[in-house]
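Each in structure tokens, the structures are laid out below.
After this come two complexes, each holding chain A, first together with chain B and then together with chain C.
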Partner chain A sequence: MPKRTLAVYTATGCPACENGILDTHYQVSSLTPWVDVVFWPHLLGGEWEDLEGVDRIDLCIFAGALAGEADREAAARLREKSEVMIACGACAAFGGLPGLINLRPESTGKAAETGDLEGCPPLPAVTRPVAGLPGACTVDYVIPGCPPPQNLLWAAIQATLCGGEAPARISFAASRLPDSLASAIAAGVLPNKGSVFGGEKGVCASCSRRKEEKKFTSFHRPYELNPDSGRCLLEQGLICQGIATREGCGGACTAVGAGCRGCFGKAENVFDAGAKMVSAISSTFDATDSRTAEGLAGQFLDPAGTFYRYTLPEQCVLMSAGTKE
Partner chain B sequence: MNGFEPKIVAFLCNWCSYVAADAAGVARLPQKPNVRVIRVFCSGMVDPSYVLKAFSSGADGVLIAGCHPGDCHYISGNIKAMRRAPLLKSLLNDLGVEDGRFRLEWIAASEGPRYASVIDEMIEKIRILGPFVPATSRTMKGAV
Partner chain C sequence: MMTTTILEPLRWTASPARVAVCTNGNGTGAYYQVIAPRNAERLCVGRPVEEVPRILTILSPAHHLVSALTLDRLFNVEPPPPAVHMREALVRTQFFKHHIRILYLLLSSSENPFRETGRVRRPGRTELLPLHVLEEIKHHEALAQEAETILGGRADHPVSAIAGGVGRFLKEPHYDRLSEIAGRCLEFSVSTAKLLNETLFGNSKQANRLFDFTLPSIPSMASSSDGGTVVLRGPDGKEIERFAPADLFDKVGLEREPWTYQPFAYVKSKGWRSVFAGAPESFFSVGPLARINAGEALPTPLAEEERQRTAADLGAGPYTTLGAAYRALTIELIGAAEGMTDLCRREQLTGPSIRVIPTEMGRTATAALEAPEGLIAHWYEVDDRGIVQNIQVLDGAAGNNALRCLLVRQAVETTGAVGMNVKDVKRRIEEILLPF
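Right, the complex of A and B next:
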């Protein structure tokens, strides 16, 4: 089998997704018999011209949100040459943190003005809504997470590049994947287009904390409280979005007492993460009159920025309408 | 806003508000026709996602109406609706849905006239606000 070609690129985002790929337990180097890396500017350096000599990219791992015209152009160029395109990480998959710009688009103009005063280069103006990769081109697979866990990255790379001749067994990765994905990987065929390398249920399904009667009398910010071990964080008054978020991470954050922030996007059967969280939190307010309920609701600053922290451009039903071409 | 007719989705509880709407019709009370009524068994079953779905599908306003507190056929369903409303309202505000487009009202079975007046008042307010356009396309459309 001729070597497969791989491209890795990050648009507007941080290098954590690419570092995640490098950090897959020193196995990246074991890909050498299968893979030729043709474009990976963050790791190998390089210019867009390098792509001109490449006829075909078998796998493109695209990370980062699309915030400006340069990002959209990069997505279009890579899509044109790529057989399989993976949106890697919350930014590429759902718009991520840069997507929160869509809540206050006018603020980028102000930031651009003050940039020069501090001796910094001005920020590029955001002329269109920030989008995830699905807002600009067809995406074959999605690896959610901020950053995606190594086991899911590894599963995706093996599923798309190695054709069943996996250099290392991936049972540890497949164990948390839906059956259809896991068996495709084991059989060495490409999974169904559009598959998400993550679980199907909510994070609560893989969180070991005990869930009891939920009644809220007040809410806490993470620094205000040292949560009891073994008890549901939401019950203790911390915002935990596990109930609305896709599993696959194994409850990594909730296991160490940090509430889930929703980086895997919404779970399979959730219509809208914000609505789900409003329902989950406020149905259990300890209030029998509207004044108390309003008081409790008033403790939440920035509900949209909290509930759609990673997913606003692609998964919020009211904000995503404008990002499509 | 010439010729703009607001579209209101009204979730009416089976035991009180739907009966009130029925009574308002039987009593021939004049009321504006811009309402799409959805009968639900209790205002407490109206999940916030129904409200978001209504707005994303083109509604200009959403009304949830149920029994007065203490009168719920299922004892406390309307209290659940009451608890959800403030947080839902602040989420909607963040997403660009103005005050007045989403309302929670208590309308008893005997309050036909009140149903008609709530509907008329809401429609007039939304007529002034204009059609609901999702925030992303509204703020950046000119730049595309």
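Right, the complex of A and C next:
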């Protein structure tokens, strides 16, 4: 099989996704027999002009949100050359944390409000609203998470680059992947376009905490109580979005007593994560009349910033910035 | 008429960045530009304050911990010793991983680490280090990452620290595993320092490349060794000012220039002036070299031994060369692994309690922390419901932004003087910026 070409790029965000690729338990260098890394500026240097000498990129892993012209231009350049484009991490997939700025659109993020640019180089403009990669171009696959777990990263890389020939198969990741995706990888063919390298159900499906179908009478802030170990956080009155969020992380946050904040995006059968959470919380309220329910609802602060912490630009039905998955 | 040459994208920067070299009738000036704003502070306004430790990890993993410290101050709680040790062990592990990664990037900088080693070699090229060293570095980085996951819940974006402590006790298998990882990291850090001293720092061609570059002469800022105060020192190493971490944002301001999205940290008492206005005393640097240049004995024996060895090789500090910045990383690498070894013991991480539940909430709080990348600090102002109204953040990128701009300008001037081509200039700039 001829070698495939790989490009990796991060727009606005942080280096955690790229570090995740680099850190795939030091197996990333074993990709060498299958892959030529033709563009990875964070690690290898190189310049945009280098891309002009590349006929085709078989796989581009794009991380980071689109917050400015420079990000959008990078996305367009890479999309033009790439056969397969993966949105890697919550920022690229859904807008991620940088997308929270859309709740405060007056925050332009301009360098200096009244700066004299005479003799100084101009900056690429900021664009609002912040968007995920689907807001600017077609995305073939998504690896969610902030950052994505390394087993899923590794599964995606092997699925798209190694044609079923990679030495280390992905059994350790496949258990959390939908059947169709795992089967495609095992068969050495590309998964269906649009596939998400994560589970289908909610995080609750793989969370180790037990649910007792108990209702709660008041919300608690995480600093207010020491949650019972082993019991569902939501049933203890702590906001946890596991029920609305795609699984695949194995409940990493809930395992240390921190509620899920939805970095994997909405689960397969969820239309809107915020609406799902409102519904889930409402049904867990111990309220028999509207006044009690209203009182409980009033205790909950910042629903938009919580329920769409990582997904505001691409998955909030009311504020979606662009192309849908 | 102005002509501009753009060098982009730069390697190894946390945010997309480039260098713009502008030439007009008055001469040539180089600008280090961060070209995408992260607006981390603005993401936090309107959020419940307890969510900030999870949001600001976008800046670096250590921001999770300084944010938790700020919450401790806001809620006026002192975490119990096991929680303090768990947080401290996490910081030490972050130091190890951060520093070993920078050394990996330096050592692999002139080669593609994905090349088919053993099959494709550049004619005439001799490897500086045995090829397996890079693989060993990645392996130990993975080990540190595993320790981070145990201690922080997740590695790059930890979630375990909360106001008053940490979110969970460790589990039984964790104690032995942490201890094992710490021991292996310590052994590896000592052998890596020895190897680097013999090959990289002792190799005249490579050493000249690093030690011939003199850093701009600006003050430095670092916490005292006990963490109780923050000290501003002049380029000569003499103390200019010492103050409590709680006063940091009274002393340090953040300002912006129209040609970069990255704010500049500056010394308020000196006033804000453009970074190129010829007032370097208004700025400061943070990070490993700033800490080593404090000239204080280190609390761990092997790191102190390495510091003394550096002093024997380079003379007494303060050190002002690029090579010294890389040696500071190796000293701190050993210190971090020693810290991990000391803290990752069962007796340090166990106790009857791992958190204190707050009973009160203030309106403002400040905390500072020595992170791998340098001194970082947070200040929060909240309303009576604990919703963030205002926030200030000093991160490593802002702390060193002036230094990085000066470094870039100096690098362009020195490389331009010897007629280096554009690609080599870019590579040289990346190598110079890497330890900062």
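Note that the second predicted complex is superposed on the first by the 297 of 325 C-alpha atoms of A that agree within 3 Å, B and C clash if a C-alpha of one lies under 4 Å from a C-alpha of the other, contacts with A are read in each partner's own complex, and residues count from 1 in each chain.
Just so we're on the same page, a contact is a pair of C-beta atoms (placed from the backbone, for glycine too) under 8 Å apart; a residue touches a chain by one contact, two chains touch by 3 or more.
As the structure is a prediction and not an experimental result, all values here were calculated from the model.
**Student:** A:Gly250 in the overlay: touching chain B, chain C, both, or neither? Say first, second, both or neither.
**Tutor:** In the superposition, A:Gly250 touches no partner, neither chain B nor chain C.
**Student:** Is A:Pro98 in contact with chain B, with chain C, with both, or with neither (first, second, both, neither)?
**Tutor:** second
**Student:** Is A:Tyr223 in contact with chain B, with chain C, with both, or with neither (first, second, both, neither)?
**Tutor:** Touch partner of A:Tyr223: chain C, not chain B.
**Student:** For A:Gly237, using the defined touch cut-off, is the partner it touches chain B, chain C, both, or neither? Pick first, second, both or neither.
**Tutor:** A:Gly237 contacts neither chain B nor chain C.
**Student:** Let me test your reading of the model: by the given contact rule, A:Gly305 touches which partner, first (chain B), second (chain C), both or neither?
**Tutor:** both
**Student:** Could you tell me if A:Val317 is touching chain B, chain C, both of them or neither one (first, second, both, neither)?
**Tutor:** first
**Student:** Quick one: classify A:Ile281 as touching chain B (first), chain C (second), both or neither.
**Tutor:** first
**Student:** Touching A:Ala67, do we find chain B (first), chain C (second), both, or neither?
**Tutor:** The second partner, chain C, only.
**Student:** Examine A:Pro15 and indicate which partner it touches, taking first as chain B and second as chain C; both and neither are also allowed.
**Tutor:** Once the two structures are laid over each other on A, A:Pro15 reaches chain C alone.
**Student:** Who contacts more of chain A, chain B or chain C?
**Tutor:** Of chain B and chain C, more residues of chain A lie in contact with C.
**Student:** From the superposed pair, tell me which chain A residues show up as contacts to chain B and also as contacts to chain C.
**Tutor:** 103, 302, 305
**Student:** Which chain B residues qualify as touching chain A in the complex?
**Tutor:** 47-49, 51-53, 55-56, 69, 79-80, 82-92, 94-97, 134-141, 143-144
**Student:** Would you pull the chain A residues touching chain C in the complex into a rising list?
**Tutor:** Within the complex, chain A contacts chain C at residues 10-16, 19-20, 22-23, 25-26, 28-29, 31-33, 35-37, 41-45, 47-48, 67-68, 70-71, 74, 97-98, 100-101, 103-104, 107, 109-113, 115-117, 119-124, 126, 146-147, 221-226, 229, 252-253, 255-258, 261, 301-302, 305-306, 309.
**Student:** Which of the residues in chain C end up touching chain A in this complex?
**Tutor:** 2, 4, 6-16, 20, 22, 24, 26, 29, 31, 33, 35-39, 42-43, 45-48, 50-51, 54-55, 57-60, 71, 75, 101, 105, 109, 112-117, 135, 138-139, 141-142, 145, 153-154, 156-157, 159-160, 162-164, 167-168, 255-261, 355, 357-358, 385-387, 423, 426-427, 430
**Student:** Can you list the residues on chain A that touch chain B in the complex?
**Tutor:** That would be residues 102-103, 105-106, 127-129, 271-272, 274-276, 278-279, 281-285, 287-290, 293-294, 296-298, 300, 302-305, 307, 313, 316-323 of chain A.
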